[in-house]
Amino acid sequence: MANQTNTTGTVHHLRRMATVWVILSVIGDILFSIFVAPHVPPGRLTETAAKDQTDFNILFEMALPVLFGVWIYLAYALYVWGDKRNKNAAFSGEAARTNMKTQVWWMVITSVTVLFLAGFGTWALVVDHGSGGGQGPNPAFAPAGGLKAETAALLGKATWSPGSTNVLPVQVIGQQWKFTYRYPTFGGFESSQLILPANTTIAFNVTSLDVIHSFWAYELGVKADANPQVNDVAFTTTKNPGSFMVRCSELCGIWHGSMFNSGQVESQTAFENWATTTEAANAANTALLPAFAWTYVPDANGADGGYYPTNDPYSTVETYGSKQPS
Amino acid sequence: MSNSVIQSGTPSQSPEEREYEMRALISSIWTGGRLFIGIYTFMLASLVFSYFYLRSSNSGQLWRPDHVTAPRGFGFAIFGLTLVTGLLAYVGRKRLVKGSFMDFSVAAWFGVGTSLIALVLQIVELSHLSFWPGSSGYASTFIGFSVMNIMSLVISTYWLETTVARGMRIRKELSGENPEFTSHPRARAFRADVAAMSYFLVFLTLAGALLFAMFYLM
Amino acid sequence: MTISDERSSEVTGPVSGHPHETRKLSWTQRPGLLSQNLLTAIVLGVIGYLIGHWFGNYLSSGYDYISNSGQNSIANTLALAFGVVGWLGGIGALNYPFAKLFGVDGLEEESPVDNWTKYFRYSLDHKVVGLQYVVGVLLFMFTGGLLAMAIRTELLNPTTHYFSPDTYIKIVSEHGTIMMMMATSIIVGPLGNYFVPLMIGSRRMAFPRIEALSFWIFTAGYMVIFSALPYGGFPTGWTGYAPLQTQSGPGMVSYLLGFAVIGTGMILAGFNQAVTIINYRAPGMTWSRVPVFVWSILATAALLTLATPVLFAGGLFGLLDKTVQTAFYVNEHGGNAYLWQNLFWFFGHPEVYIMALPGFGIAGELLPVFCRRPLFAYKISSAGMIGVALLSFFVWQHHLFQSGINPDMRPLFMLTTELISIPTGFIYLVGMGTLYRAKIRFELPMLFVLALFFNFLIGGVTGVFLSDVPVNVTVHGGFFVLSHFHYTIMGGLLFAFMAGLYFWLPKMTGRMMNKKIGKVHFWLMFVFFNLTFFPMFIIGLLGQPRRVFTYATNLQGLNDFSSISAYILGFSFLVFFYNLVYSLWLKPEIAPANPWESLGLEWQTATPIPSYNFERIPVIMTEPYRYSEEGAPTYADFGTKDAPDSSTPTKA
Amino acid sequence: MSLAGRLSSAIGLFLVAVGLIVWSLLAFLHPGTNGGYTNYAVGHTPGSPVDVTMQSVGSIGQGFGKHPTWVSYLQKDPATGQWIHDTSMILPADTVIHMTVLNYDSGSPLRNQQWGQVQGTIGGTADLNGKSFKVYNSYAGNGVGHTFAVPGLDVSVPMVGVNGNLTNICGQAPCGNLPHNTMTFSFKTGAPGSYNWQCFVPCGLGYLFGNGGPMSTFNYMGGFLRVVA
């Protein structure tokens, strides 16, 4: 053991730790980026997912040195400065109490790191059009053509065909306890399957007919809460065909755990085939559905005799659809 | 079942220590009174936030259909009485500082009365509403406001009553001495309490004015 | 030269009208059949419950929704509310408020009954309340822990279900709520109440009645939240999101009312602590001489008093929605579901720091003792705690990153959330600085503190991942979050609590905790805590949402690993419990006056501590933590010649 | 009392309290935690279809637990022919299931007409009193009372309601010969695993959105299908 009472001992300790730290951090980061980083969720099925993955990896590669730094320090301290080894009088007095240089450096380093992270996160959020997160009815970071397609969808004028660069709006309707999906571009049919075309920017319009759910399309890198009477918009751009899982990630009651389904990203022509076929097959039902809208006012009372009194003079309550003729 | 006085919990004290603790006690009442205002502010602010949140989101155009309003007569009466209570507490304390315990106790007892009437009116008002609780955002927040106002009125009635009762008791026990002019520890604590109480009641009156404007005038 | 030489030699007994005046005991406090204690509280609580239930049934007879559903939330609300009032009345908490109506004032303090029954009574002695809290939070913790075992049992297998899905959700919700309620008080309640006056050199709390009330409200809150189970539970998790909240059965009332009740207790506890710390510090204890644990309690108290009223209001609105059918949180009737999320998280995020700060305080307090050197960067550590407390009011929307609220505000909340890691990082600066060239004694409390630094680091770093909006998309609402907050709350706070208990129990009970059993406890708890929760980060990243009763079959291996570790983690608490029984009862070993050779004020008074704490009010001479410093003045002057020696331990 | 006495009484009380907690937790968690599974797989000849009969009733009435006003499904025990209040079943894998549901409840318009469309059954149709249909317009006629839906198998069939104006609607299970609609359909169980089935009609009276109470309680409007090889 080096002589701890020596004034130059200070330098020795830190230098040793720093050496180990640099070596371990570099090795750790290299190993991580080779062996783990490519497999980090949510994968690379969409642009969004790929960018989320990259962000995660960058954060992780910054976090690893932090973890190693503290761990190495702790391990070193516990080994070298335990009372059995370090029998000499402990470090004390003003020098031990306040080392302004250390304090200032610590603050500068943490502040710079934190500000960098916030800046980087903001940059990633903006360039990735909200990173697949639900942005509410007025998306602040919409991709080009996103808002146009949304407006068109509401008017029933949204178009999409293989090869077009149009954004494809898809409505996600959460209800206890299943998601269903409406395709305004194809006559507004509703389906319990979620099929998407490859290489297309999708605008998910997430809403709910009852309580709050959260639409989590895991491999797509999309998560947006489904709130009643709120249109929560999230964007993603699909890449190659593949399958993905959709799960509910906001507790919504008894069957929350089984509120999942799988979805498919298919080639553009396969998707168009599926959409037009389903549109035709579901035509009879689509005719009965209400006109396509961003949100639907669920009857808060449920089947007759609900929670609130029914003699409400102001209630605009209607079912998803229309009232039954009495 | 002995009537023994238990001595074990009593330390001996030097005069400095006694004075030190006395001052800590007085400033605790001061700090506590202000902190209580802080607590209450956050609670009322939640209501104010809810009011404006629901108002701006106007879900289903149901913030306030037909501009329904709770009975204004009740509103004016309750707020008027709250205002009077606050004023009485404020004036009463001023008079106490000037040395008139009698003025203080008259003001405080009147304050208890006005506050109690306001409390009763606030409860009765609930059965005179032209809307049912869940009919609109306004209706909901109004019910929330009523409950909080009942709480406020109970607190102000209670605090006024207990201070004035305490003042009278101290006066009696200190054999007619005017509590404002004694340096007896209990009289000193009493004065601190009155100050905290009148501060809080004035705060409640100001907050009440804002809430009154929100729910009855806007 | 000490101040005691200059002190007045005149020492007097109790003086009429003085704060410590004693009175004859009223019949409610005397020993005997008529006195008030736990039993009368139970009896009056039950009576109140029955009256409330009857009254609620009477009031609610006209409501259609109640006759249709066959479940009466109004009756349950009133039953619980009256039950709580009965409980408080029964224990004697309402005697003084009633007496006040007749002009009785607070200076006429009744000395409590001074025998073992004081632990089952409404006691105004902060040391009794502290011990009551120890038992209270342990009960809370054991209940929540049992529920956690049930959760892990269900998650052993994705297709075979031990519980039905609704029972599972109720267990999860109850576990979360109980643990959150417990965690807000776990250090402030037992250790804060017991040691803050001792550490600031005070003979008393500023508002002992409010302090006692906070404990008895806490116990009432425990029963209210527990009553959710017999009422059929509630399905919302501890976050209680509306409108699922509004949809649920009467168990939800227990949640809403429980939080209102516990919230009142939290406000009162924080209120009393804040006022005490501000006003009752011993002479000479300037703000730069306050022990760092007291700083942490002060910062926590600020959050308790200012954030909790928002929860109280939110819970009140929810309760109105559930009973008299207002529509605060129901969009279809003019309310807004986001309102609950905003109110809840405006409280909820400061709440997270209510649970973190006292842990930092204990770490900062214990490190110098076991490092035998001063606390490094004392000012930074207290500034850090205040900074965390302030910033915590401005981060709440990071819980709502995917909710659809205010997308343009996300960068701001990402920034504030990441900024808060700067003051949180200070605790690492302080900790690592204190370890530097120290003389570390590996005693049990120190092991727990070191474990805190290890665990909280993982919790903190993953917090940065969560605050990054793009990464948040994947990890929000999944097991990653779950693991993150268990690492901060359990890995941080609970380890700190254990450190505090092992450290201070010798003072509280006069018995040393057994070191061997303690080491078994520590290693089991530390290792299996990490083995339980670390896999959950991976489980979360692999796509398992929170609060699900079933999951992808390929995650079974990890889940089983986590479950089995969780059982052993649960077992480690039994070891702790055994240690308590063993060390306090089976083989008691009398604790030395100052077993850790601490300079803290709390160790310098007699054991058992007299009810007035200090023979003379101490005068603080210098900064705390001047360990191994040659020629440092003693921390405090106790003014008595026969007081235990407070000087620097000779063998530093 | 001595210190040891005090401590022992404190610890003793603590133990009693913990014991009470454990006991009441167990008491709460145990009964009906996992509705009994009716086993259709035992003694089943591979390849042959399985018949399952259920009924849905507007209020289950006395005799089936503590919620007599709640709506519920009941299952006919294939062995005894008794109606039992269990909604879970064990089914053989890759087998055709012939479901017969007797719906005694009245109907209403659907919140989401999507559930009026028959999905995932063999032939994509279901029979209402023997008449085959693909889509039921819930805004006309008697509306839909309930659905039988297995999200994991993509199966969903509406249970058409009886006329709500009738005076002799069944309010006490089991219902026998009172007015009802007989819904029949077939679907194929897939690979082994645990699937859940549920009703998608918000039929919990007195709860917000109609999805509380029976809709949120196991064994009333939902259950498990455990498909075994």
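In order of appearance the chains are A, B, C and D, and numbering begins at 1 in each one.
We adopt the following convention: contacts are C-beta pairs under 8 Å (C-beta built on N, C-alpha and C of every residue); 3 or more make two chains touch, one makes a residue touch a chain.
The model shown is predicted, which means the values in this text are computed figures rather than measured ones.
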One chain pair leads in contact pairs, namely A-C
From the C-alpha centres, identify the chain that is farthest from chain D. B
Hey, how far is the Cα centre of chain A from the one of chain B, in Å? 47
Distance between chain B and chain C based on Cα centroids, please, to the nearest Å. 29
As a quick test, compute the distance in whole Å between the mean CA positions of chain A and chain C. 32
How big is the gap, in whole Å, between where the Cα atoms of chain A centre and where those of chain D centre? 34
Residues of chain C engaged with two or more neighbouring chains: 64-65, 68, 165-166, 235, 243, 246-247, 325, 327, 330-333, 338, 550
If I count partner chains per residue in chain B, which residues reach a count of at least 2? 59-60, 62, 132, 134-136
Which chain A residues sit where two or more other chains touch them? 210-211, 229, 253-255, 258, 297-300, 305-309, 312, 315
Going by the touch rule stated at the top, which chains touch which? A-B, A-C, A-D, B-C, C-D
Residue numbers of chain D touching chain A in their complex, please. 108-114, 116-117, 119, 134-135, 137-140, 143, 149, 151-152, 154, 156, 164, 196, 198, 200-211, 215-218, 222
Any idea which chain A residues touch chain B in the complex? 229, 297, 308-309, 312-316
Residue set of chain A touching chain D in the complex reads 173, 175-178, 180, 190, 192-193, 209-211, 253-255, 258-259, 261, 282, 284-285, 288-289, 298-308, 319-325
Residues of chain C that touch chain A when the two form their complex: 64-65, 68, 165-166, 168-169, 235-237, 239, 241, 243-244, 246-247, 325, 327, 330-333, 337-338, 371-380, 401-408, 410-411, 414-415, 418-419, 421-422, 425-426, 428-429, 432-433, 435-442, 450, 453-454, 457-458, 461, 464-465, 467-474, 476-478, 541-543, 545-552, 623, 626-630, 652
In their shared complex, at which residues does chain C touch chain D? 64-71, 115-116, 119, 135, 138-139, 142-143, 146-147, 150, 158-167, 171, 226, 229-230, 232, 235, 243, 246-249, 330, 509-510, 550, 580-581, 584-585, 588
